[in-house]
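Each of the next two complexes has chain A plus one more chain, namely chain B in the first and chain C in the second.
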Partner chain A sequence: MKRIIISHEARQLFRSGAFRALLLMVAGAVAFAAWSGQRSIDRQVEGANAAIAFEDGRRGKMRADTEQYQAQVAAEGGEYQFASAQHAPGAGPPQGTNAGVVGSTTAKYLRMPPTGLAPFSIGQSDIQLSYVPVSMNPTMYITKDNELENPVNLMTGSFDIAFVVIFLLPIFILAISYDLLSSEKERGTLAMILAHPISLRELMASKIIARAGVLLAGVLVLGIVALLAVGTNLNLADTWARFSLWMAATLLYALFWFAMSVLVNVYGKNSAANGIALAGTWLALVVVVPTLVSLLATTLYPAPSRMELTTAARQAQTEAESTYMARLSEYYYDHLEFVPEGDERAMDFLTVAMANRNAIEKAVRPLYDGFQSQLNLQESLVQRFQFISPAIMMQLALNEISGTSADRYEHFLNQAYDFRVEWSEFFTVKFLQRAPLRPQDYDQLPAFEYREEPFATVLMRLVPSLLGMLVLLTGAILIPFLRLRRYQVATS
Partner chain B sequence: MIASIARKEFSEIVRDGRFKWTAGIMALLLLTALAAGYQKYSAYMDIQRMSQDQTNAQWLNQGDKNPHAGAHYGNYAFKPAGPLAFFDNGINNYAGTALFMEAHKQNFAIGRPATDQSSIGRFGDLSGAMILQLLMPLLIIFLGFTAFSGERESGTLRQVLSMGVSNRQLLWGKALGIGGVVLLIVGLCVVAGGLALSLTGPSTESESLGARVTLMALSYVLYGGIFLFLTLAVSAWARNARTALMVLIGFWAFAGFLAPKAAVEISKAIHPTPAFGKWMADMRSHQMRGFDGVPPFVRFEQESREIFAEYGAESIAELPVYVGALRLQKFEEYDFPVFEQHYGQLRDSYTNQRRLQDRIGIVAPTLPLRSLSMALAGTDLIRHVNFADAAEAYRRDMVLKVNNYLGEAAASLNTGYGGGNVLIADEAIFAMVPPFRFDSRGLQATLAEHAGNFIALMLWLAAALGLALWSVQRLKVEED
Partner chain C sequence: MLQATDLRKSYGDTEALKGLDMTVEGGDIYCLLGANGAGKTTTISLFLNFIQPDGGTATVCGLDVTEQPLETKKLLAYIPEQVMLYGNLTALENLRYFSQLGGHDYSPEEYRDFLRRVGLEEEAVDRRVKTYSKGMRQKVGVAIALAKQARALLLDEPTAGLDPKASNEFSELLLKLKSDGAAILMATHDLFRAKETGTRIGIMKEGRLVDELSTGEVTHADVEKIYLQHMHAGGHYAQDGAGSA
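The block that comes next holds the complex of A and B.
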């Protein structure tokens, strides 16, 4: 009997023009989202490549100058010297021999590579640069730049697959299941069906299985197609592991919404009332609660103001200057190219510039750390409050799975902060020793390789969200299951 | 007749138990949003004013140094939030707040609040505007979808029409009744919120505040009207109440959630913005090779004869101004067209994207309304662009002033390019650059840019009304 009902329901679904239209819409939305997600990631990669090529190119040019200079020294005799200061192009050893100049005027761009599933959930990656510059500048320069994006677009958010899953999928689910029992009851067919050897629970389950089966099969197929179309690193186990997690999360989330439909249906109200209740639930869980949680987080743990940070950094700069600069003309500090040839003070200017940067770094660091610590507090509040909305859990989970989460970005930034120390050490030591940079020194520059987090760490962070959804789902199944005993089959 | 229908509709809704819940939640959310918005707004504005004063003072007290070094020290422009930001925060979370104005470089406004927020912030802000844009239409749908379909199902429609009420009278009556309820909830909250805010302390900048509030109210009334008549139209047209509800919720989700995001992606594809790295590399290499392909150093050498001739001089020694300062200023000016091209390219892509998104509003009324609301609140893209332009104008003026001063004061030092470094400026000299102040362009310019959005809302209202009239004309009295 159950099987008959399931196959009947499935057939009915496919015959209904509305359902076919809905399936088409889901497919269209996924295709559109995959396309836009792909564009977004491609753009990031293009930006990273261009930035890296530009800065490496400038250093490459400097290296080439030193190579030429080395050849010239070898041919003409004499000593391979350290360029004393920047000067107008032409005479003297090239600037590339001066480690202080190279280290402070060129940067090295570090890149956090996208995971294979990155186009699925854009997360914050449209704001935060996935490639950051490291130089002898203070730490705050690493995160100074943002990705270029129209603020209106940022405000609206991306149309990525995560959006389709979190916002649209529930609407489709509710649209095909909000009148699960109520419509049969209204048509008067419910009593007739139940005259057959089937319980109300079985009937309900069969109807849900038919709908969920069809829709989820569709989602699975669409997911795989999307992965093959826009996913990358398809040869890596990591990508497929992430994809499986994605599917598991989507399944849990979708089942939760099916369960909500059942839950509302067992209260025996008419279809229109069910529709209102479910639309209200969707609005509350997907739109209102997340904004309330966000409001709570930013109200309880507001980030320090970037404006205050700016004025504080300037204060530090002024103080550092008055200490270190003494009688040195700052004009040279900004324009070493104007320092008269052979002026010994030129060296001091660069040293002062470095001391200056150091002072700013020290003064601003505590303020700067304030941002990260408030952000961490906000994130942990969101972690705790996520359980009141499956949409929050899902967003956190999908960002995590796609590698666009706040945690992974922080993991990347910490590596960048460490690397900055190593990178500027290299130049500072050579500069202070007045050791001329030779072409081969350029080959000894510290290299950066992003170290991916262990997959277990990612899994551990996913546990609360996935477990929370599982608990919600169980609750949403259990309540109607118990409640169904009291369902009135016919309108009295 | 219309009045009594409206009264019946009004009291029927108000007496319904569900109404109390819906209205209560709506009112609570709206008041929370307004209070939170105001708290954030005033905190932001306090910091903004303080920081701007501080940085202006820092400019003056930067210590005695070479005037050009002073221009390197530069100044910051901090963006004011916009007169109605507490109601609609617009793009403020996603646009920079601090713009560094220094010699040689045009900069972006940095410090976007969104980067210092949890990723959950991307679900959106709970603001008065958000509630009116997304929740109010749903409220209207909930209150109105049974207006005709429900009466038909319960059989009262036949009775009412048999009493000699025309279909149109019924429509207007119901529109007035439901509209009255919505206005009651929303209006009360907005007025209460507004009163509380005007009582608590110093109000916002008064950039034609009255006109802004009036136009804002008008836009939202238009928007509410669109959903009201669409709801009535669908209610009259649909076979039964649940179909009406599903169609309306579908449209609401489309207009409020799907269409804006889809419009963003479409506009990005048609008017792409380069990635930061690509843009930065392009601009800086362009700067290095010179706008017309002649690097600044070379170009100055080439043009020096003409430049000197402008001053009636043939050699550096004859120049009445210090040559180092002259060259600094020339280098500055060589970069202007480069900046204009590359920053202009970005600005154009943003503007074109926004315009296209507004145009897509033809299929979803939430888009033009959102755009209008931000513009009237002073939290939109146009204002942000104005701010960046004002900062760039200030920067150029600041650099020009200090370089000119250096040129004149160090005129006797024309021994070489490095001669002028001995010149030291003090606070009195730095005071020749006035403090930065951002005066946004008037409301008029904003309105001119947004005329299309007003028209779009009007068209939507006309279409919704037309649809409603057409639907009631062919209203079926009984279910088939």
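The block that comes next holds the complex of A and C.
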């Protein structure tokens, strides 16, 4: 019995020009979003490659110099020496032999590789760079290229597939289902149908199944086409696991909007009233509430100004420079093992600079950590308030699934912080021992390999959002189906 | 076949039906006459279970419509004042859809045959029904009832607004259905057609059945006279149960 209605409804949909036009529009939007998302990821990858090539190139040049110098030393005899910091160019050992110079003038770019699904949801990756420089500089320099003043703005962003799913898909769903029952009632066919052995619930369910089926088949096809088109890491199981999660989230979200249509329709108002009620619901849940939550987050936990951070860094530096003698003594006091033999009071600028850096790091790190923890507070507030809007839940879930969530980024930054210590250590020790860098030392530089989070961690973080949507959906289905008993087929 | 027992229905404070008792047997065409708001449509809606009664029962072939709504609807066919169809489907597609909803399925040739029997022009069968006149749509409505092999028919002013020829053709179709043994309950304002095609006439006023006539025993003039008498009667209950049978 239901099959008849389902196929009838599907045929009715495809015979409607408006539906075909909408379907084309959605396909167009998905195609554009896939292209735009892919472009954004490509730019990031290109940016990372360029930065890495540039910095590695500079270090490569320094290594080549030391190689040449080594050959020269071997040919002419003499000792492989350490270049003093402010050594005039052209004569003597090249700068590449000085670990302090190499470590502070070149940077190592670390990158967080995009997941196979990254182009689907850009998330905040346009303001939180997926590649960061690490050098002997203080920690705050790691994220200096990130736009730290940008609030947790979940509502703006790129035109990616997540945007199409969260903003446009509900409009499409509401457009094909806002008059689910009201149109039949207004056309007069509702009475014709219900004079047959069909219950209202059965009719309603069949109509929804037809629409949801057509829509989700379309979404699946478009999704796979988009995945093949952006085509990153297609042979990875991880990509397909993430894609399945994406589809599951989209299914929940789409069904929620269908349920909203049913909910509005069971009150028996006319199609125009239903349309207005649903448009209002969309506006409230997709636009107004997320904006308010974002506003609340940035009002309750305002991020300290980046200017403040920079000023504090300068201040610390000036202070460090004005008292560098004292600092140098203090520094050597802390690191007695490194005081050069017979040259305890040597005014080595690099040593001073290193001591300064240390001072700046000490002075600014608490500020920087405060800054990051404000961002974390904003994020966790959004996490807590996500349950009042399926759009926020969906945005968080899609960012998580695509690997562009704040949590994954933090995971990456923590690795970068750790690596900074390791990297600095390598050069600091060599420099303070006045050990010249040899070509083979360049091969010993600490290497960075991003360690991906276990998939289970990602799943655990997805639970609140997906569960929240499931609960919301269940409520949105139960209410109308209980209320349907009171629906007036005929009014007199 | 169709039986109402002390059937009551109120909309808010207004009592639309104040205890209706009536029976329509197979082979009967029972015409319900009465002013607008007398309770004719309410009666039909109650038999279709579109609304819930506040008291009493409505049964179709002995089955209570509120207890077995889906079973009774298998036995019923409904032709409203305006047979509304899917405008972007052809007559044949509409007929097929509604037949399948009723649990029947026929070959395309059989569907064409139903449409031929109700007198729909051959060329119209494969045209989308949004171009149809009311008369043509009413014919499709009858075809739907035929294909459903309904034991009882509920008609709500099906000929209102039809031209005399179409109205006459419609009456012819009713007579055919009657001869097949269907019980037909028709609400109408057309006294002439009621006398002409109906076997019995019920006059309703303010939610009550105030009179019942057998068409064989009265003339056209009698029907009109009795009807107007009831309509002009002042007191609400003055004519209750009175009149000839």
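The rule is short, and it goes like this: the second predicted complex is superposed on the first by the 452 of 492 C-alpha atoms of A that agree within 3 Å, B and C clash if a C-alpha of one lies under 4 Å from a C-alpha of the other, contacts with A are read in each partner's own complex, and residues count from 1 in each chain.
Note that in this section a residue touches a chain if its C-beta (ideal position, glycine included) is under 8 Å from a C-beta of that chain, and two chains touch if they have at least 3 such contacts.
The structure presented is a predicted model; accordingly, all values stated were derived computationally and were not measured.
A.B. asks: Tell me which partner touches more residues of chain A in the superposed arrangement, chain B or chain C.
C.D. replies: Comparing chain B with chain C, the partner touching more chain A residues is B.
A.B. asks: Under the stated touch criterion, which partner chain does A:Ala195 make contact with: chain B (first), chain C (second), both, or neither?
C.D. replies: In the superposition, A:Ala195 touches chain C alone.
A.B. asks: Once the shared chain is lined up, is A:Arg187 touching chain B (first), chain C (second), both, or neither of them?
C.D. replies: The answer is second: A:Arg187 touches chain C but not chain B.
A.B. asks: Looking at A:Asn414 after the superposition, I want to know if it touches chain B, chain C, both of them or none. Which is it: first, second, both, neither?
C.D. replies: neither
A.B. asks: A:Gln12 contacts which: chain B (first), chain C (second), both, neither?
C.D. replies: In the superposed model, A:Gln12 contacts chain C only, not chain B.
A.B. asks: Where does A:Gln68 make contact in the superposed view: on chain B (first), on chain C (second), on both, or on neither?
C.D. replies: neither
A.B. asks: Looking at the overlay, does A:Gln440 come into contact with chain B only (first), chain C only (second), both, or neither?
C.D. replies: So A:Gln440 meets neither chain B nor chain C here.
A.B. asks: If you stack the two complexes on chain A, which partner ends up touching A:Leu292: first (chain B), second (chain C), both, or neither?
C.D. replies: So A:Leu292 only meets chain B here.
A.B. asks: Is A:Val382 in contact with chain B, with chain C, with both, or with neither (first, second, both, neither)?
C.D. replies: first
A.B. asks: Touching chain B and also chain C: which chain A residues?
C.D. replies: none
A.B. asks: Within the complex, which stretch of chain C touches chain A?
C.D. replies: Listed in rising order, the residues of chain C that touch chain A are 11, 16, 41-42, 45, 48, 50-51, 69-71, 73-74, 76-78, 80, 82-86, 88, 97-98, 100-103, 144, 148, 154.
A.B. asks: Using the touch rule from the top, collect the residues of chain B that touch chain A in their complex.
C.D. replies: Of all residues in chain B, those touching chain A are 18, 29, 32, 36, 39-40, 43-44, 47-48, 51, 54-55, 58, 61-63, 65-66, 68-69, 72-73, 76, 78, 90-91, 93-98, 100, 103, 108, 110-126, 130, 134-135, 138, 142, 145-146, 150, 241-242, 245-246, 249-250, 253, 257-258, 260-265, 267-269, 272-282, 284-285, 297, 324, 346, 349-350, 353-354, 357, 380-381, 384, 416-418, 420-422.
A.B. asks: Quick one: in the complex, what on chain A touches chain B?
C.D. replies: 29, 32, 35-36, 39, 43-44, 46-54, 88-89, 109, 123-124, 127-129, 131, 143-159, 163, 167-168, 171, 175, 178-179, 183, 270-272, 275-276, 279-280, 283, 287-288, 290-295, 297-299, 302-303, 305-311, 314-315, 317-318, 321-322, 325, 329-335, 338-340, 371, 374-375, 378-379, 381-382, 391-392, 395-396, 399, 405-406
A.B. asks: Write out the stretch or stretches of chain A touching chain C in their complex.
C.D. replies: Where chain A meets chain C, its residues are 1, 4-5, 8, 12, 15-16, 187-189, 191-199, 488-490, 492.
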